[in-house]
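Chain naming follows the written order as A, B, C and D, and within any one chain the residues start at number 1.
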Amino acid sequence: MLDKTGIAKRIAKEVQDGYYVNLGIGIPTLVANFVRKDIDVEFQSENGVLGMGPFPIEGEEDADIINAGKQTITTLDGASFFDSSLSFSMIRGKHVNLTILGAMEVSENGDIANWKIPGKMIKGMGGAMDLVASADNIIVAMMHTNKRGESKLLKRCSLPLTGVNCVKKIVTNLAVLQVTNKGFKLLERAPGVSVNTIKNATEGHLIVEGDIPEMVLE
Amino acid sequence: MINKKIDTVSQALHGVANNMTLMLGGFGLCGIPENAIAELVKLGVKGLTCISNNAGVDDFGLGLLLQNRQVKKMISSYVGENDEFERQMLSGELDVELLPQGTLAERCRAAQAGFPAIYTPAGYGTEVAEGKETRDFDGKMYVLEHAFKADFSFVKAWKGDEAGNLIFKGTARNFNPNMCGAAKITVAEVEELLPVGALDPNQIHIPGIFVQRIFEGKTYEKRIEQRTVRQK
Amino acid sequence: MLDKTGIAKRIAKEVQDGYYVNLGIGIPTLVANFVRKDIDVEFQSENGVLGMGPFPIEGEEDADIINAGKQTITTLDGASFFDSSLSFSMIRGKHVNLTILGAMEVSENGDIANWKIPGKMIKGMGGAMDLVASADNIIVAMMHTNKRGESKLLKRCSLPLTGVNCVKKIVTNLAVLQVTNKGFKLLERAPGVSVNTIKNATEGHLIVEGDIPEMVLE
Amino acid sequence: MINKKIDTVSQALHGVANNMTLMLGGFGLCGIPENAIAELVKLGVKGLTCISNNAGVDDFGLGLLLQNRQVKKMISSYVGENDEFERQMLSGELDVELLPQGTLAERCRAAQAGFPAIYTPAGYGTEVAEGKETRDFDGKMYVLEHAFKADFSFVKAWKGDEAGNLIFKGTARNFNPNMCGAAKITVAEVEELLPVGALDPNQIHIPGIFVQRIFEGKTYEKRIEQRTVRQK
């Protein structure tokens, strides 16, 4: 079973040379730390920066330079700043190649819910609805089950949706799954996790074909 | 050159009244019009509709207006870390319209640019699209979203000149340029107000034609929401 | 009767303090020379400049700094350059206060034609269709009649339209006229020009009420 | 950093073929991609559809492609001073679609920004709107205009870096920024190509994400169409 860092490490392997990548808040933010050093990738944040670098060295924080999670950041050579409209032009216009974000629920047809629990919690959708409506390549990073042990991979989402038919791939603490038009197709198991464990933790239709390999993280 | 310089923040906000619709730039606490917000608190105008990506935090930014119960309705994309915002919203005290961030930006830009409405894929199939017109273009579904109509737009820039030309810094740019000229009156506050001729005409982010009033802000606290650092 | 310079001089009196003004090619360009020096006005050109100044001193022309008529220009302090999209945002968004342009024909309901003579001449509309569709304040600068002596102020335009119901005021070599919902209302006569001369040169409905004063140009 | 640098103009135009749709920046002869146009002439590709505000003059700019009969269709706002353009158009040899200049710019920008279509008041009630959908918003009529679809976009900037970031100069900016990322492949040529880190991230007009290939143009003639001067 993976921890959050493990999920980030596995997703990092999906990042290819030449990709512009948007990372959501939470686990996705960690992905930047594990991308191979021999490929060229640029990170976009929807609040208006392309070419994000690591957090600043203590004492060098600049209140005017943050990411969409409101964290102080730095920029790398070749970076640029721009307004919100142009930022979402990058996203809506499919110039960003890969979007990685968290979710509360994903359904077997690729719907995603991650912004609201009616009557209880409202985070707001931020840029997530634009990202999922536009991106061709969306990976969801999340735990396979919620705190009560209930599956987050469902037949149908119970929470208000963020987007429909949009999620392509899911990486959880238990597995890597692809969303197909027949349901969740199991691609890889987390180290030490059995297919049965994944089946039991997946409410939506799970497709298991042949031997399911264990993830390789490094 | 048409001079937009205003000497004081109180003059800059002349005409702001109860029940108006205001646009306010900023993302979290980054690039917010601190001086205009402080003046709004001082004025005590009530029943405001505020269009702004976030509502600040409990005790800073737009959070100050929320605490003071000056806001009737928020139009935002993110509640985030503002507990008072979430509390007022869940209790129904505050009317909240949550919109996708790109939609929010583009409805401002549509107002600036004279477009009545835009078609965006964001929010299709979700409750955000409920009651809105949707349409198929080339096999993909889009939601029709209308340009905002606002009375005042309060934006914050880094440098400006007396002609109203603006230059923003870093990610403090965010929604600010898109809100310029998107309301009946745009009030820009800047950290440094320069005489005309001081800015390179090639490097102006927002030309002065989109700004009706400009003033130099007294102080900027520029509070950081998430101070994340690494070791040397 | 006015010459082109006279028309420009008369129109210059319509320019008010604090106006952003877009000047079309031809007579409108001349207007800039006659605007009162004690008011603040900025000239916008739709190819992407605000704050245009006079032509450059010989030897200082810059191929990268032109107006929409492709003439080399200079900029004044406070000027800015921008892309075509933002330029038309200024126009469509009604941030430009006054548009002055030429016309081949104007009709009594404010339609304008100025871009095409079918089968003979096609200039293209350039930015004119955007300008006339958006501006609240449009002044047409033109000769009252064409080279064959035919009126250019018509009941209905015969040429393909540039815009409908948009022209508010017309300044010709003979007169200043306002477009009302009842037709062309005569406001002023050019020096030495009789009301009858104007009547004869106007095909569309001309409204003459009371004494028509002579224009004051200075 | 993702490197977009291409060494030669012929490599930069790799993949251009007959019957493609091309966007070309520039206003008159100002800010045109001179090196890309020269290479298109050299390649001799035919049946092109060109989206460009003007078509240059008879013997420069896009006029060279017209003379060479490489263009099947022009989508422009202004014929202007190009006699060959006007002649081919009036004789029917050349298919010409004339559009309002703001519409032209915004149909490029819509393609860049992922909008399927826009509503503009320009051209309503004229032959430009014939056969197009129109609609009333708040008592004013608008025309629905669709985003362009193009294979290549050729733009010209002043300075650029190897990440594809662009800075334009003066009114040579015009349509160039709006065409970046508006075609499948955007090729930028610049007067000066700099290493990454040389440009201020705050002063970049077009971020490199909108540009697939960048090269430094060999020479720029920058011909002036109307040399207007005054005496000292």
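Assume a contact is a pair of C-beta atoms (placed from the backbone, for glycine too) under 8 Å apart; a residue touches a chain by one contact, two chains touch by 3 or more.
Fair warning: this is a prediction, and the values are worked out from it, not measured in the lab.
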Shared interface partners, meaning chains that touch chain A and chain D: B
Set of chains adjacent to chain B and to chain D: A, C
Label of the chain whose CA centroid is most distant from the centroid of chain B: C
B-C or A-B - the one linked by more C-beta pairs in contact: A-B
Interchain centroid distance [CA atoms averaged], chain A/chain C, Å: 56
Rounded Å distance between chain C and chain D, as computed from the means of their C-alpha atoms: 28
Where chain B and chain C are represented by their mean Cα positions, the distance between them in whole Å: 36
Multi-chain contact residues (two or more partners), chain C: 49, 81-82, 85, 88, 91-92, 134
Contacts with two or more other chains, residues of chain D listed in rising order: 109, 114-115, 120-121, 168-170, 202
Touching chain combinations (by label order): A-B, A-D, B-C, B-D, C-D
Footprint of chain B on chain D - complex, ascending: 114-121, 137-138, 140, 142, 146, 167-170, 202-203
Complex contacts: residues of chain B adjacent to chain A: 27-31, 53, 76-81, 86, 89-90, 96, 98-106, 108-109, 120-128, 158, 168-178, 205, 222-232
Of chain A, residues touching chain D in the complex: 18, 20, 40-42, 44, 49-51, 75-82, 85-86, 88-96, 134
Chain A to chain B touching residues, read off their complex: 45-49, 54-73, 81-85, 87-88, 91-92, 111, 115, 119-130, 133-134, 160-165
Residues of chain B that touch chain C when the two form their complex: 1-3, 109, 111-115, 161-163, 165, 181, 196-197, 201-202, 204, 207-210
